[in-house]
Amino acid sequence: MVDTMDNAFAKKLKKEDVLITEVYGSEFSKRLFQRKDMLFALVALLLFTGLALFAPFISPYDPNANELRNKNLSPSEDHLLGTDYLGRDLLSRILIGARTSLSIAFGVVLISLITGTALGCAAGYYGGIVDEGISRVIDVFLSFPGVIFALAIMGVLGRGVFNLMLALSIVQWAKYARVMRGQVLSIKKQEFVLSAVTSGADDFYIIRRHIVPNAIAPLIVLATIDIGHVILSIATLSFLGIGLPADVPEWGAMLSAGKEFMRTAPYQTIFPGLAITFVVVIFSILGDGMRDILDPNHEGGEIY
Amino acid sequence: MKNKNSPFFILLIILLTCAILITSGCSSKEENNAKEAVSGMEVASGSDAVSQQEGDSEDNTLVLGEMWEIDSINTINGDGGTLICEKAAVTETLVGANEDFSLKPGLASSWKQLDENTWEFKLRENVTFHDGSEMTAEEVKFTLENVIKANTKVASMLKVDTIEAVDDHTLKIKTKEINPILPGILHYPDTAIISPSSFDESEEFIKPIGTGPYKFESFDEQTRILTVVKNENWWGGKVGLDKMILKGIPDPNTRAMAIENGEVDFTVDVPYSETDRIDAIDGITVEKYKTPRVYKLDINLKHEPLEDIRVRQAMSYAIDRHAIAEHVLYNVGEAAAGPFLPTMVWANKSLSPYTRDLEEADELLTAAGWVDTDGDGIRDKDGKSLNLNMMTYSARPGLPPMAEAMAAQLKEAGIDVEIEVMEMGSIYDRKEKGDWDLYLAAYNIAMVPDPEYILTNWYMTNGTDNGPGYSNQKVDTLITEARKITDLEERYKKFNEVEAIVNEEQPMIIVAYYGCAIVKKDHVKGYVFDPTAHDYRINAGMYIEK
Amino acid sequence: MKYLIKRAGFMAFTVFAVCALTFFLMNVIPGGTAELILKHTLIGLEESATEEQLSQISSRYNLDDPLYLQFYWWVKEAVLRGDIGTSYIYNKPVLYLLTLRLPATVQLAGASMAIATLAGVSLGIYSALQENRISDHILRIVTLFGVSMPGFWIALILIIIFSLKLKLVQVSGYGNLENLILPAAALSLHSVAAVMRVTRTSMLETLGQEYIRFAKAKGLPVWKIISRHALKNAMLPVVTVIGFQMGNLLGGAVVIEKIFAWPGIGSLLVDSISARDLPMVQGCVLAIVTMFLLVNFIVDILYTHLDPRIRYG
């Protein structure tokens, strides 16, 4: 698989006369405004982020205050989205939950992106034994069942937002490293890198100035789409009983805790479920759009 | 070459592979069945069982949605004892129990204590195993000896020294030390009697051959479907069903949907919130019972604030047991007073549940020095605020929401509780390290139908399940004294006193009695709930009427 | 050929490393292994074990030996005698239990793959032909939302609609084709969407090529153009994506198996992890990783087949 990926990227890059750096400036915004779906997604994302940031001020109730007698209510004037199985206000929980979900997702993607870029660069740039070592580690992590990692980490460190983030990052980083390695492999053969090497610039400088800026585009795209995937993974882990406990307002945990009530009080799964779906959709559109903008010669759909 | 590169060729390969994969599942199943057939069992493959289901239910077959995965049919080593004895009704124990948990004859017709360490059991006559052989003292001795060898838990409870078959129907058991609860332990399903022909020549357990109303027919290890059929010669009389098919459906939601969709005729513990909705469906009835298990909150007495009896009592007053039973358990369960069900013959009937009283809680906490001085809603003392953690696990669906509800109720009394839903292993680890404040769990209270077992384990200094680290000289003395008393009334009196003391001191807060929701189709008749069973018991009188 | 040997060597190394990692991680998770084995076999979840029981279990399974020794023995037995241990919980050889459970997962993944390929490719082609018409937009929006919904939520919604409301299929069960439909459909949904999107993009690109336009100008019927010319070139990324999806399917199977009480390897893995049934966990991981690597290997071979430009050195 590794070789396939490398080849695909190599092929693509050969076709590219324009290097990605040149697209960054004015081109970017021009292309951005050509796409309506992207604009829509950006606006929606800003809205969600805003809600998440200001959640404590706008949520009508304390998200953890329960009123057992008002449990499982349908939407009404008092509770705009209804209440959950302990009588907690769903709107408040979803608003506060946006913070947890989004921050975990951003955190995981950021950690994986940084780790993946660093290791991928090292592997691709130095080649030889370094590459061999890192590549094997990447292989192992890519074929490892993520559940075990999550369980082991949550078991050792206990459940919590940070630990969940760590567990998911450990599962995710290898994907980035693999893509990065492929990118670096083809870029380092390009003229401008070769000339930088001959002119005696040190490795770190070359990597920082020449390699990373030219190789990062597909990773940014991948990262954007991944934010949605991470939110989905949290939900899955919660379903398996190793995510966050249900008293932490988080969409995946809410959805998973509410599944028992799907027939009697469906709103407590519908709303968190929709929230997750919308955010994932937003990031898919953004990722797709980013790809078109950053990587105009890209062929054939999602190859990540 | 062109042909080879055709996309259709590739797609065809992919699809063909898929087809092979799909059928591989089916074919290996047949092989598996063939294997079973070789080992001498009558074969009913899982798919047959499922596809015949509709036809079958007309000729008196019950499909049962069991709540745990069916992993083992071995009754000797403790893996499948409860399933085979109580849910499949294939095996029976020497001693039975009435609804109030007092003992009654089972395969043994009577028993008496000859001296401190010697018991004599008279066995029921004319009982035959499913293989046609008669049950005598030899087979009983064989079973018990094998169980003691393979099952350390039963062994440590029985404390048996020697077992002797005096004659065909008399068994003498000598214990290493005085053990008044011996007959009670012989009610435990892991001690159910099987024929030696349950083993093959190499002494491997192959299938349970018992004496019960149903005979073992087949166990499909792949689909994990257990089939049992009517035992025409049951000593207890007529058996209602021709056949029973047991499928493990571990997810409560799936069980609910399965009975709603008519795939099972009988199941237990659908999500509690669904009980009323399902009961309202035409043709399905939900019955709620109490089972011998309690939801209890262990309190770590080694932690400074919880050492204080007033804090513990205040917590007990802050918890709204009735609201929890109604809104979290949906009345599958009930607010609890002591550790035992009031229907148990030995229970201290004078206890009543702590009712919610925030003023009382406030007084107690204030007296203990916990006051909210900084106005953040959480009480504090000497600059430290009253923050506690509560561990629980999700294997029993009532626990996590109960923990959340209790945390909110305690917060109203000014106690901040952080919930940690954990895996069993992590809980064990934290308890070992002493790094916990509260632990919410659901404990069995009648593994053995006698109060000695539970009270010793929970409240004696260094008892095996004494999580809180409770130690009270008086309780220890009372239990030790009661152990030696064989007169039941005298015994129970001492135990009642223990119950009263721990109810006052609250080293663990007993929150609610565990409930069981029996969900059955209306055409299932003759079901009688047995409160002494571990989850539920299938009785011989059940039948199907269309 | 040399490439194949090298590749096989990598695969063997990866399998070994994953097993070692699993072994280490499983032993790092807190909570005594012996205690948990007892809780899941003999004494019940809530009850505490006695010292005597604990030491008995520990000595039976050599749990007190140093980790590296335990792992060494496991590898030695596995390599020399093909014996990958005996499950602590089920008390049966792990290999035997795997042969019982593996077919169910393979069947489920196979069926999902078939659905994903058939539905994904045909919907993708349809969508490409209808580019920017209303049906194309609807399809794309539906699939976009399809991939964005949490898997278990979709599964539960499918059960409610198809089993309870329409009474078409059973909620749970295993053995015949009817039982397979719903779990396979639920599991394949994400993959259908992914395959469809790739097929669509790739088809569009191919349809825009010179030679297709030429064929169109010649007046060839649409289906002929597609089947003779377009599909062949459009399939390259599709095959890649199908390979990638296999990994997702194996991961998703864990959840789907839990919901549908499907007796597969995914649910076995999760149960074994929480019961600390180490040999069983090792066995499941071994099987899953091997399957995953093999599928990827096959995809790579197919890939070279489709695109002769790629040659492995």
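So that you can tell them apart, the chains are marked A, B and C in the order they are listed, and the count of residues begins at 1 in each.
Here is the rule we use: a contact is a pair of C-beta atoms (placed from the backbone, for glycine too) under 8 Å apart; a residue touches a chain by one contact, two chains touch by 3 or more.
Small disclaimer: the values here were computed from a predicted structure and weren't measured.
Participant: Of the chains present, which has its C-alpha mean closest to the combined C-alpha mean?
Facilitator: Per-chain C-alpha centroids compared to the overall one single out C.
Participant: Count the touching C-beta pairs: is A-C or A-B ahead?
Facilitator: When A-B is set beside A-C, the one with more contacts is A-C.
Participant: Report, in whole Å, the distance between the mean C-alpha point of subunit B and the mean C-alpha point of subunit C.
Facilitator: So the centre of subunit B lies 35 Å away from the centre of subunit C.
Participant: So what's the Cα centroid distance for subunit A and subunit C, whole Å?
Facilitator: About 21 Å, centre to centre.
Participant: Suppose each chain is reduced to the average of its Cα coordinates; what separation in Å results between subunit A and subunit B?
Facilitator: Chain centroid spacing, subunit A to subunit B, equals 43 Å.
Participant: Residues touching two or more other chains, restricted to subunit A: which are they?
Facilitator: In subunit A, 151, 155, 259, 262-263 touch at least two other chains.
Participant: Tell me, which residues of subunit B touch at least two other chains?
Facilitator: Those would be 253, 423, 425-426.
Participant: Return the residues of subunit C touching two or more other chains; collapse runs of consecutive numbers into ranges.
Facilitator: In subunit C, residues 29-31, 156, 160, 258, 274 touch at least two other chains, as defined above.
Participant: Would you tell me which residues of subunit C are touching subunit B in their complex?
Facilitator: 29-32, 35-36, 39, 41-48, 50, 52-53, 56, 89-91, 99-101, 103-104, 106-107, 109-111, 113-114, 117-118, 121, 156, 159-160, 163-164, 167, 170-176, 179-180, 227, 231-232, 234-235, 239, 242, 258-261, 263, 271, 274, 276, 302, 305-306
Participant: Would you tell me which residues of subunit B are touching subunit A in their complex?
Facilitator: Contact set of subunit B toward subunit A: 252-253, 256, 271, 273-274, 277, 320, 323-324, 326-328, 394, 397, 400-401, 403-405, 407-408, 419-423, 425-426.
Participant: Which subunit A residues qualify as touching subunit C in the complex?
Facilitator: Residue positions touching the partner: 1, 3-4, 7-8, 11, 136, 139-140, 143-149, 151-152, 155-156, 228, 232, 235-236, 239-240, 252, 255-256, 259, 262-263, 269, 273, 276-278, 280-281, 284-285, 299-303.
Participant: In the complex of these two chains, what residues of subunit A are touching subunit B?
Facilitator: Contact set of subunit A toward subunit B: 64-66, 68-69, 71-72, 85-87, 151, 154-155, 158-159, 241-242, 245-247, 257, 259-265.
Participant: How about subunit C: which of its residues touch subunit A in the complex?
Facilitator: Answer in residue numbers: 10, 13-14, 17-18, 21-22, 25-26, 28-31, 144-145, 147-153, 156, 160, 194, 197-202, 205, 236-237, 240-241, 243, 247, 251, 254-255, 258, 269-270, 273-274, 281, 285, 288-289, 292-293, 296, 299-300, 303, 309-310, 312.
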